[in-house]
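Just passing along the structure, written as structure tokens.
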Amino acid sequence: MRRFGLLTGGGDCPGLNAVIWSVVRGAARAGVEIVGVVDGFEGLVGGENGLNIRTLGSADVRNIFNQGGTVLGTTNRGNPFKYVTVRDGQSQIEDRGDEVVANIAQLGLEGLIAIGGDGSLAIAHELGERGARVIGVPKTIDNDLGSTDSTFGFYTAVEVAMEALDRLRTTGESHDRVMILEVMGRYAGWIALHAGLVGGAHVVLIPEIPYDINKVLGQVRQRWHEDRRNFTLIVVAEGAFPAGGKTSLVESAGAGTNARLGGAGHQLEVELREAFTHGWDRPMVPEVRTTVLGHIQRGGSPVAYDRLISLRFGAEAVRLALAGEWGKMVCLRGTQIESVPLVDGIRKPHLVETDSQLVRHARTVGISFGD
Amino acid sequence: MRRFGLLTGGGDCPGLNAVIWSVVRGAARAGVEIVGVVDGFEGLVGGENGLNIRTLGSADVRNIFNQGGTVLGTTNRGNPFKYVTVRDGQSQIEDRGDEVVANIAQLGLEGLIAIGGDGSLAIAHELGERGARVIGVPKTIDNDLGSTDSTFGFYTAVEVAMEALDRLRTTGESHDRVMILEVMGRYAGWIALHAGLVGGAHVVLIPEIPYDINKVLGQVRQRWHEDRRNFTLIVVAEGAFPAGGKTSLVESAGAGTNARLGGAGHQLEVELREAFTHGWDRPMVPEVRTTVLGHIQRGGSPVAYDRLISLRFGAEAVRLALAGEWGKMVCLRGTQIESVPLVDGIRKPHLVETDSQLVRHARTVGISFGD
Amino acid sequence: MRRFGLLTGGGDCPGLNAVIWSVVRGAARAGVEIVGVVDGFEGLVGGENGLNIRTLGSADVRNIFNQGGTVLGTTNRGNPFKYVTVRDGQSQIEDRGDEVVANIAQLGLEGLIAIGGDGSLAIAHELGERGARVIGVPKTIDNDLGSTDSTFGFYTAVEVAMEALDRLRTTGESHDRVMILEVMGRYAGWIALHAGLVGGAHVVLIPEIPYDINKVLGQVRQRWHEDRRNFTLIVVAEGAFPAGGKTSLVESAGAGTNARLGGAGHQLEVELREAFTHGWDRPMVPEVRTTVLGHIQRGGSPVAYDRLISLRFGAEAVRLALAGEWGKMVCLRGTQIESVPLVDGIRKPHLVETDSQLVRHARTVGISFGD
Amino acid sequence: MRRFGLLTGGGDCPGLNAVIWSVVRGAARAGVEIVGVVDGFEGLVGGENGLNIRTLGSADVRNIFNQGGTVLGTTNRGNPFKYVTVRDGQSQIEDRGDEVVANIAQLGLEGLIAIGGDGSLAIAHELGERGARVIGVPKTIDNDLGSTDSTFGFYTAVEVAMEALDRLRTTGESHDRVMILEVMGRYAGWIALHAGLVGGAHVVLIPEIPYDINKVLGQVRQRWHEDRRNFTLIVVAEGAFPAGGKTSLVESAGAGTNARLGGAGHQLEVELREAFTHGWDRPMVPEVRTTVLGHIQRGGSPVAYDRLISLRFGAEAVRLALAGEWGKMVCLRGTQIESVPLVDGIRKPHLVETDSQLVRHARTVGISFGD
């Protein structure tokens, strides 16, 4: 019986289980067995831990297509090329890549379908360089891959942020407040830009366009002139930062902790409060409230659009594998699922271009980027 | 001051208000006044009724971007080329098209932005032939336009149908039932196909693929063999019909009433009940339940994807109008908003192709089309 | 080890799995094993079919608390006192109640926790009369039990209907239509009344108040006078029927088929269309659209309120069982979970009283009951 | 024509507009005019600012019943008994209460319906002491009023938090993480307790039960023993704090800023990280992620339950006013709306009792309170 491997890598993203469901069902219909690798590439590193796999049939994936998370589990550890082991209290970094390639062969897998972000796809690509047959399924909540129109998970994140904005809007309006919503996006502002646009934000701050706090203040002031109210709805990507002397919190504090323990949203709140205290020339100092959406954007059931992309990515990945077209990554082009060389998936991230049509459209309807 | 006209035509579609919001705000920033036409083309027919217009500024469209419906109202009457009037108890059909063209000029409008489906766009195109300057914004809940990747409203309809399927699934599974969901789509099965795919349906019946009731029964039977349960989730487009002697309810009874008073969903239920009564060879006759979603699919707040398309369509329509590029229709290509000649929007509807990649993907994950 | 039995009976209701989850976890903490009975009382009838049970530990109920349906399954068949068997092509009705009581004892169960509606609770009560120890957990989507303030599932049904009304409203308003929503409720109008109230309906038709079609027409006419529009939002319970000569469809056609194949919603649509055709004195005949929600109201994830009641009912049922307080039914009183004799749960259904405070409140905000 | 005043005070709460809608429509049917007071009691203080009122008819409140916020606006300033004015750069605090009482009379209002929390109701009560006729409608997102079973807004907040937990759960499970959700509740833990219960939390930390970080760690450790995973779902009220030496952040830093800029959720994250770094005896240090829901809990469209309470509170407040029963506050008892003396609404807050049935139920299903 033919066998393909399947694994998920990296952070959570709504639609992972839908890809798994689709791959398993598609393979089953073609008479191919799917060997699921547990906890990402970690499960393929042999040695003292042993392999961590489980065969997946249709019954194993019943009803998971609309569930968040991944039944295969995953972990951020487990880069086989920089594998960390602890021996005698000493941590060592080893290259276990060849073992992984050997294990794939030993398991009788024709090849491996790897669902993951740029990190996981880079590992998959490197495994390919060393002789493994791999197909990539791109996953990024941040939408920062240039080789596909979009991926699953992103529109769910935007929907969650949009629903938050719909709620914050009503309070901001009736209670006359500056409402800040911090969304994900350390390097790319796609979630902030899309959520801000569909959620009716007045100001959108993204890493690609360093902001000038005075321009943001200018918007609050203009809101007063237009409507006699302080209500201003601001979406800020966690990686947004002010232009000039100050640097991004992400740069200054190191990734991993900072964005959570006082990120761009709270920094902006502090800057605004300070500005309102000194030199605010309106009768009433605006109150500011900040919400940090955090992981709510990454979990839970995917919206229809993301389920569609996930299921089609899975079906197309199976088709490629059956046809022996390894070394490819599935991608979305318009309404079709196509494929590109896997290496295309790991190029430098696709960021928001400041002169793009999308940014222009946002400016057309009145959004300020604080620039 | 420059002035553009703006109207909405045809049935409801989530995102109409978002287009209006975007056009009005975009025009305001360019110093252009938007003259809203009330109740579709009806509002532009002069004579005894008079024109029905209202100027729209930013304050008039506050907070409508996330609301369903259209603040301009609309009506299915009002085709100016076949305008129905009643005089002395006699109804007459008149061509009032030239009046409309003249009224547009008299109102001082540079041109008209018309948001509508194939019917409204055909009127807009004909007005263009007679000398009016028009830009079209395509609207179709059914997704049956070939000249754009998709339009607003469609993914909201799919989301509503998907949420219904998520609910029907849990009951069908635990109570062992055949659950039928009838969704919109008289000629095109896009909603049924997409909803069925993302909602985990076992069977999807669409107008483009006449179904064989025995094949549908075969699926119910196979479900028993696989899982020892009768649970089968079926999505049926309102225009689906059995192959062979019988014809579509839509054809046989005339559009307008039939699909609502006993449509494809109920017909299928009757056929299944009959089949289960005679010659069902399983220990337990499956129970069948049918839900007709109806207009829930067309109203309410749009999902993020649809808001995005609406807002960008509006922004691009304004850009085209400002640039004097009349006679165009905005459209979506990949992630960009582009434009095509308006006449492209009214070509024959884009139906589901039975050998398309999307249908193939659906079959890959196990969906039967009853063929 | 102490053992309690647990089963679910009757139609689906959001919260069943939450009760199961709560009972299993509560019992586990007390060191009691839960024996789940599959497919309702059917699973306790012995003989040729054998018992159908499965032991439930915490791992078996992982993550089901927010899922619709019931992991124990259920069936409408299986009344042990009128048990239908087929022998030699002849169906027979037998009393297998004593067998069930014996089987409960033989399984080593201290008693049985039965989650169900009036039908299932009547069976449970009768088993109690014959010597079994039973605790009831009341379940009714229709909210027609008088012995408890409310039960789980009801507010989820109301929420689903309300969201439908929120969507229908936007279309009805902008497209000037009479929108009819048929909701569940054959004998009791609680869902229609609550949904109509929170969904801003103009007219609510319930079985407890037979309607006069002329009064309904009067509302549509009054809407025109107030707002110059035909938009009228009508919620109709499936069991609603016109006063006078005509009878309820439910009565005339027999329960089970009629309400689904042309229920109260479609009957009302026909009546309204007829009235609009003959003798409508307004310039424009209103268009009517009907949606039949059906089983969407009974499935899927419960809202917070219903999860709360479910979980607390389960916890309290365990407490009663541990304390040996059999023969009781848990119920809600204000914010407390209390208990009443099981027999109280099967008294005649609690219907909407026409002079109740709730109906009066509905009239206060302008709702017409067509009377 | 008889006239009643109507105002909203304090923070946002889903359902405020529904109460307004209900009061206005109920009064209209009784031939009473509603005079809306803008920006809470601020609008009733005369002098240099003048009164800020607007008459509200049915057309003014069209479609607001399902919208968040309050069309009357509100402000936290404007306590007429401690009214702050700035003259010559000096801020003064004055008692303007008598002016307000006089203004109510001068406006020809029979009395005032005041919708608000304990602060606003205390002002309303004091106005009553000085001669004004007032009816109170209790509003508290925190559910901390003892004189009513619950109020509107609370279940919407719980629903929003529950949906967040449903999303965090899937990520926590598949990615093996400790997920913290901080919800509102500075003094009362009702939101945290309810959301934690219906959202399947393992740990719930509330102000009424100071927590022991070691007990929380014990839960994480136990999760490992049970399931071999670190996934632990923790809900923490913003006012929760560790027992012993440390004090609540709210106490130590002063209300208003602290809870937003590093509240209980982040404090817990820091404590857990520290504990995991030193002396964690499991192979893998759990990762921790924190989400701060913030104002998302207070805005947006209310759930069905909250709409119901709002509409009925409004209808009953009108009935009381029409009957001349001033000095009362409407409240919920079971399924009935009743009334109590207004002074009852401002008694000391109703906190979670540690030995209550609800807390016991939570413990029954396995929730730890960190004690």
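A, B, C and D are the chain letters, set down in written order, and residue numbers restart from 1 in every chain.
Note that in this section contacts are C-beta pairs under 8 Å (C-beta built on N, C-alpha and C of every residue); 3 or more make two chains touch, one makes a residue touch a chain.
The shown structure was predicted, so the numbers you read here are calculated from the model rather than taken from an experiment.
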Inter-chain centre distance, subunit A versus subunit B - centres from mean C-alpha coordinates, in Å: 31
Centre distance in Å when subunit B and subunit D are each reduced to the mean of their C-alpha atoms: 41
Sites on subunit C at which at least two other chains make contact: 166, 169, 173
Graph class of chain-chain contacts, one of line, ring, star, complete, other: ring
Set of all touching chain pairs, with the criterion as stated earlier: A-B, A-D, B-C, C-D
Residues of subunit C that touch subunit D when the two form their complex: 21-22, 25-26, 29, 58, 63, 65-66, 149-150, 155, 158-159, 162, 166, 169, 173, 194-195, 197-200, 226, 301, 303-305, 307-308, 311-312, 314-316, 318-319, 333-337, 357-358, 360-361, 364-366
Interfacial residue positions of subunit D with respect to subunit A in the complex: 11-12, 16, 67-76, 160, 163-164, 166-176, 179, 260-262, 266, 269-270, 287, 289-296, 298-300
